[in-house]
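The structures come next, written out as structure tokens.
Here come two complexes built around chain A, the first alongside chain B, the second alongside chain C.
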Partner chain A sequence: MLTKKIFLSVVSALSLTLVANVSFALTADEQKGLDISIEAKKRDLGWQDNTADMTMLLRNKQGQESIREIKMKSLEVQNDGDKSLTIFNKPRDVKGTAFLSFSHPVAADDQWLFLPALKRVKRISSRNKSGPFMGSEFAFEDLSSFEVEKYTYKFLAEEALNGIETFKVEQYPVDENSGYTRRIVWLDIQEYRVQKVDFYDRKDSLLKTLTFSGYKQYLAKYWRADKQEMINHQNGKSTELKWSNYDFKTGLSDSDFNRNSLKRAR
Partner chain B sequence: MVARTIMTLAICSVLLIQPLSARELAGEVASDVEFDISGDIGIEQRYFFEEALYPEQLNHHQSSLSVEMELYWQWNDGNDSIIFTPFYRIDSQDDNRTHGDIRELAYIHASDDWELRVGIRKEFWGVTEFQHLVDVINQTDGVEDFDGEDKLGQQMINLSVVNDWGIVDVFLLPGFRERTYAGEDGRLRGPLVVDENNVSYESSAGQQHLDFSLRWAHSIGDYDLGAYWFHGTNREAYLTPSLQDSTPSSLQQYYSQMEQLGVDVQATLGDWLWKFEGIYRTTRLEDFWATQAGFEYSFVGVFDSNLDLGLLMEHSWDSRGEVELGAQGSLMQNDLFLGARLAFNDMQSSELLMGIGSDLDHHAFSVLVEASRRFGDSFIVSFDLRLLQSNEEDDLLNALSNDDHAQLSLAWYF
Partner chain C sequence: MRDKLYGFIGKHPFWVILVCITFAVIAGMGAGKLEFKNDYRVFFSEENPQLTAFESMQKVYSKSDNVAFIVAPKDGNVFTAEHLSALKVLTKASWQVPYSTRVDSVTNFQYTFAEEDDMIVEDLVMSTKNLTPEKLDKIKKIAISEPLLVNKIISQTGHVSIVNVTVQLPGVNPMVETPEVAASVRAIQAKFLAENPDVEVYLSGMIMMNTSFGESSISDSSTLVPLMFLVVIVTIGLLLRTITGTISTVLIIIMSIVTTMGLAGWLGFYLTGPSSSAPTMIMTLAVADCIHILTSMFYEMRQGADKRTAIARSIRINLQPIFLTSVTTAIGFLSMNFSDSPPFRDLGNLVAIGVMLAFVFSITIFPALLTVLPVNVKKQNEDKKDIMAKLADFVIGKRKILLPLTSILIIASVVFIPNNELNDDFVKYFDETVPYRTATDYMQENLSGMMMVEISVKTGKSSGINNPIYLNSISDFSDWLRERPETDHVNTITDTLKRLNKNMHGDDPNWYKLPDSQEMSAQYLLLYEMSLPYGLDLNNQLDVDKSSSRIVVTFKNMTSNELINIEQDMIRWFAEHAPQYEVDFASPSLMFSHIGQRNIISMLIGTTIALVLISILLGVALKSWRFGLISLLPNLAPAGIAFGIWGLYSGQVGLGLSVVIGMTLGIVVDDTVHFLSKYLHARRDKNASAKEAVHYAFDNVGRALWITTFVLVAGFTVLAESSFKMNADMGFLTALTIFVALVVDFLFLPPLLMLLDKNKNESVKSTDEIIETPVEVA
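So, the complex of A and B:
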């Protein structure tokens, strides 16, 4: 634990230096892009922990549909990435499967999978960021928590999007394993909530568009969208993600995010 | 006898938990009991390509039907729970394969930094894929499948304590389960049938010997480590031919006592998973070391698609070396395994796994292919192919050389 703490503080010190160094060379647009992202992150700090249910509706070109039902528990970690526990309920054949992740802003995430048929806990490689999550149009990296250090930025414009005034910011992933060259993100000026994201693949052509709707405010501070719709422009498939039963500050702690809790997660 | 042990365990656990529950109830209003039921029903058809090698065995076709259900109750926000998982299989040919088991019937109490688990449970240890050397708590349900991954429920009291320096598990294991083996009519066995009624034990307590184990497991950065000590009945029986009119007629099972030390390590370094399992076992009859070691490497998004390709390589070693057929020893004394796993990452979770195992001392090899895909929202179809070849008479695979088979199964999950 002590070594881990030292390691973590070194990592966060390092990332601060990186950010600081980079900022010397930033152009005005890059600085503004970074500032917007820091402000967006700042407005979402302090939620401590949350639980929520998620339903994914996968749709292919022919209109065939398939459902995924998932429960999520997350714990905010100061000066590091969040911890999360993902519990699968549907499809039925994966019921009881659970996924534990300790995310880190720059270093590789630590991830474990529990396979209920064998009662086996398996440490897995977290390199697969670009791969599809549960056969959906969401990649693993689309679902991980937003950390400022994960991207470099460039402010593009202030733009009206469906009647909402937004900042349009370009984000370039730092991680070379990312499936994207860049993302264009629209955040509303009022609350710094993400309204829309365009994803560009490794060949820099438009791959997917994600739109957020039904934002609700929790604990008079934290905004969460009820619905996220991902459309893949290249294969014609789409995934609709709906959130329900959001609950904040439920009293989760580190002890709810270890091997033992992974094994009995429901 | 087993029922009585379970009863005692249940009473013990209730007594142990009572004061805690009372305290917790005082702190907050207990939530209602939540109940959940799920399970699967499967049908399976095996086809053996060649005629049986031994007179009583089935010839080509073997069909079976299996049901597994999970009943689950939880209360206190999930900090207390009871799980019940009965299982039953009906086989068209092999009487021994028509069998049932209570995979789980356990009460679990979770506190902040410790958990108590009492009843019949399954506990898996290890990191490798082609052999599960360190996995020792549960007995193998040998008739279920060829890979030995199916396990019988084990009665236990298990206290698990979470520390900054790792998780420590203490196991008290009252009551021993005998391994299940293919019957006279069954395939995938040697010339002699294992006699279910001719079983002896080193311990005078027999099946009632109280086994004990202590395990430590921890994750440090990219490394996952585990180590344990086990004291109790050997899960692997020594099999010796019993004579009838001076000719061997069946195999007699002898379960010795054993002490075993085990270690498992996995290093997760980028796209590489490095894996090691090692045991040291000592019984009245022998002492030996054995290891299973190798790696898994993943290519993400091969062929410019969503496909993931994993390549696996593992080596098995056993200090007892080559053994004669029928003598005690390991089949995996110097074996190399190569595998490839393709995950299509599609809506139907299509997967393909191919593996080749080769005995480097015997020029024997085995090939396995496993493919599976979801149909609709709740059906899984799987296809398995197993080919076993050996040219040398003292290799067990030679005794199974007519048992190449394909298996098609359909499971409905609810």
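So, the complex of A and C:
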């Protein structure tokens, strides 16, 4: 779940067919929005697994800052959301805490947390998709893998964003536990990479804006941004994510993503 | 110069009227720029230390503007399937309130429990479909034993509950935002009541209070201002029996108000509860000028003078006294600039501008209008004058009894001044007709008060709040607070940590205690934070790098002094038990508690300066230091007596009343000026004895004084009808002071003059007297 990639994951032939089957009922704009999303996803298939380091910089209205350091491991899953393992490094008092998540496009995710101080793995049962990740301005759902069936779509326009030609697509969450009524996403026409996202809260007012920068290509195919910046317009807080040490196809497997692996995660 | 003024006006009355009206219209157009500020924060200047502390705390944690739906089922039990599902619907609807960032209710409380190795975090009321009596009982038990909820969200017996909506106003256009939120919650309330007829719903919270400031003023201006016009028309119509005079006076009043409010708009003023009473005050004060001019003019006409001559003479006689009384009144109101609270500075400045404009209009367009319009003088019956003559005889005859008697009464009243206590309870700024007040009173009776203090305890270290020493201090402090009888509720992070520790140990109640290591606390909090849905996070309790936490205490209703004492106790607690932490205390309650003291001190300085200025002016005008000093007594006594009576009657002195002394000083001085100047005129120019001079003063200004006093008392009594108690109390006490002033001028001042002036019969006339030294008086 905690993969940073936004439009990746395997879409099975089945789900593609399903999508294709209902598509005749869609308006032209809805169809185009869906097509763009399918294409974006297609371009990011087959990365298998990856690891990366992330630092999170939290800032409040007063200018006060706080840093979190995290290691992430992700596994591409067919027919479902991805699996991810998050290992906390900073703040020091949570060092060694590890979080395992099997994300699901619409249902609640399966989550386990290993607490080194307690030396126990706890399964968490909650509807926290809309909740903040580690007190940041990113919600769990903002960080989880992009799956086509998570949203319905509407193409809005082709628009220039900071000199880049983009598709502007509106996305409506399917999961009723989502914290949003809609998201507006800008993807560049060239590579179908997300450049910016506007989030609208449950009362449909603009809540946050996420911008991506420093895109780099890995294995000559997969684009990843070095930096993601989330600004909350309502409370004046912001969170900056910085990614480094990206590694793909490292040979991780299902056995690295289970309860037992949590305790030995480093 | 005085003759030239009317010489010009009398020659070109239409031009004067045209120029004045053009000026008023152009100035008046600025009124369109005036906006009403719906925010309790306007009562505090930017440099107010309590406001600064509160604002910086709001930036660190999340903001605490809120709306509270107080939901009271008529059957007295929240925990039925029906009421809980209604609450769930209300909770969901509340997320639609504009700018809402958080909604807390019984149903969405994040209940945590353990199930083997699972940690379950879910809404306390998940589904309302199959709520068996056992389940309902369990929910009730959890809710009323949860320290986060009880007394805040649910009453101890479970008969009333609250859905609390936290609102984060962007502050881009406050005039629109607050009413927008209020309209939205009222719509939700109406819909909820329609769907649940067996439930009562009240609205409280900061947003509703702010809304009430605006709504109170609007309802005031639609009832009080017309009422005031009626009073003016009736008074002048009945007492002076003149249609032209009444119409002209009303026109002067309208022009004074419109021009003042228009100038206020051009100058960038904004309206607030107190400053919105400016029109009523200007109206009241502007009448006096016109009455003096009309009275003299009619007197001259009855003596056989033609209209123009009568107007010219009236202006000549009245120009100086009216100017003097206008200036002293303006100085009195300007003393409000010393107030610590900007709305009162604005009120003082607006009324001062209004009073001076009224003066200008009553010596320009007013005589011009009288020149142009037909004026008939009816033969007046002379009863009134006889009454004044009788009063004069009475005062002169009984002076030996009156002086000690009135002196005793003055001293007896003044003795009760210490009964007054500084108190600013913002809930009581509104009377019981305002829904916000009834809702908040109901909340105070059934759950908890509006008296809150937010306490930020800082470690200065990242993740410092997870330190067991810190957590133990916070927990001890919370326990100490809970033991105090004044405390209704304490919201503290340590309760959550204790609960989590219990959850992590299979819900064993023995583990309901703080974790014993920094890592343990940090990891519990991480686990908990990762489990909370949108809007229910810990940002309202912790800062971003977990270096400080915020405790929110809700107290029972109490006075400002009591709250300040508790604040001192809290400061002392930290000094004794946890001196290593930096602690900030802030909240609107604290702001209002401190402003009374800050304000009274600055107002005393302001009033003293005004008093000195006014006394100097009087000394110059009366051409005698001696009489300037004598005038101090009748000028100060009324406020002393009024506050003494207030001490017996209510004893609660807030922001609104702390400005009354300065404000009334300028007004009551007028009576003294008129009475003393006539008295001195008789003594100096007519060579009269003290007794004769007193009689002369009664005959000449007695009637005008009681008419103007009548209008002023009526005007401020109208203001006392305001549903905004701050203005109502101010109006009442001002009316009382002005009334007392007249009594003092009629019953105390003359015997005093006759006593002090007895042996000075010869010297008063001499010109040396003008610079008589004050020492002689003492």
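Throughout what follows, the second predicted complex is superposed on the first by the 242 of 266 C-alpha atoms of A that agree within 3 Å, B and C clash if a C-alpha of one lies under 4 Å from a C-alpha of the other, contacts with A are read in each partner's own complex, and residues count from 1 in each chain.
Following the convention adopted for this analysis, contacts are C-beta pairs under 8 Å (C-beta built on N, C-alpha and C of every residue); 3 or more make two chains touch, one makes a residue touch a chain.
The model shown is predicted, which means the values in this text are computed figures rather than measured ones.
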| item | value |
| --- | --- |
| Fit or clash between chain C and chain B when superposed on chain A | clash |
| Contacts of A:119 with chain B and chain C, given as first, second, both or neither | first |
| Chain B versus chain C as contact partner of A:99, first or second or both or neither | second |
| First (chain B), second (chain C), both or neither touched by A:255 | first |
| Which superposed partner A:234 touches (first chain B, second chain C, both, neither) | second |
| Contacts of A:135 with chain B and chain C, given as first, second, both or neither | both |
| First, second, both or neither for A:91, with chain B first and chain C second | both |
| A:61 touches, of chain B and chain C: first, second, both or neither? | second |
| Residue range of chain B overlapping chain C upon superposition on chain A, of 238-246, 292-300 or 328-336 | 292-300 |
| Common interface residues of chain A - those touching chain B in one complex and chain C in the other | 58, 60, 64, 66-67, 91-94, 118, 120-128, 130-132, 135, 177, 179 |
| Interface residues, chain A side, partner chain B - complex | 1-4, 7, 58, 60, 64, 66-67, 90-96, 108, 110, 118-128, 130-132, 135, 177, 179, 253, 255, 258-261, 264, 266 |
| Residue ranges of chain B touching chain A (in the complex, touch as defined) | 36, 38, 40, 70, 72, 74, 78, 81, 108, 110, 112-113, 115, 122-124, 126-127, 149, 160, 162, 164-165, 167, 217, 219-222, 224, 266, 268, 270-273, 298, 300-301, 306, 308, 345-349, 374, 377-378, 380, 411, 413-414 |
| Sites on chain A touched by chain C in the complex | 58-62, 64-67, 88, 91-94, 97, 99, 111, 113, 115-118, 120-135, 139-140, 177, 179, 201-203, 205, 234-237 |
| Interface residues, chain C side, partner chain A - complex | 56, 59-60, 62-63, 95-101, 117-122, 168, 170, 462-463, 466, 504, 515, 517-524, 526-527, 529-539, 542-546 |
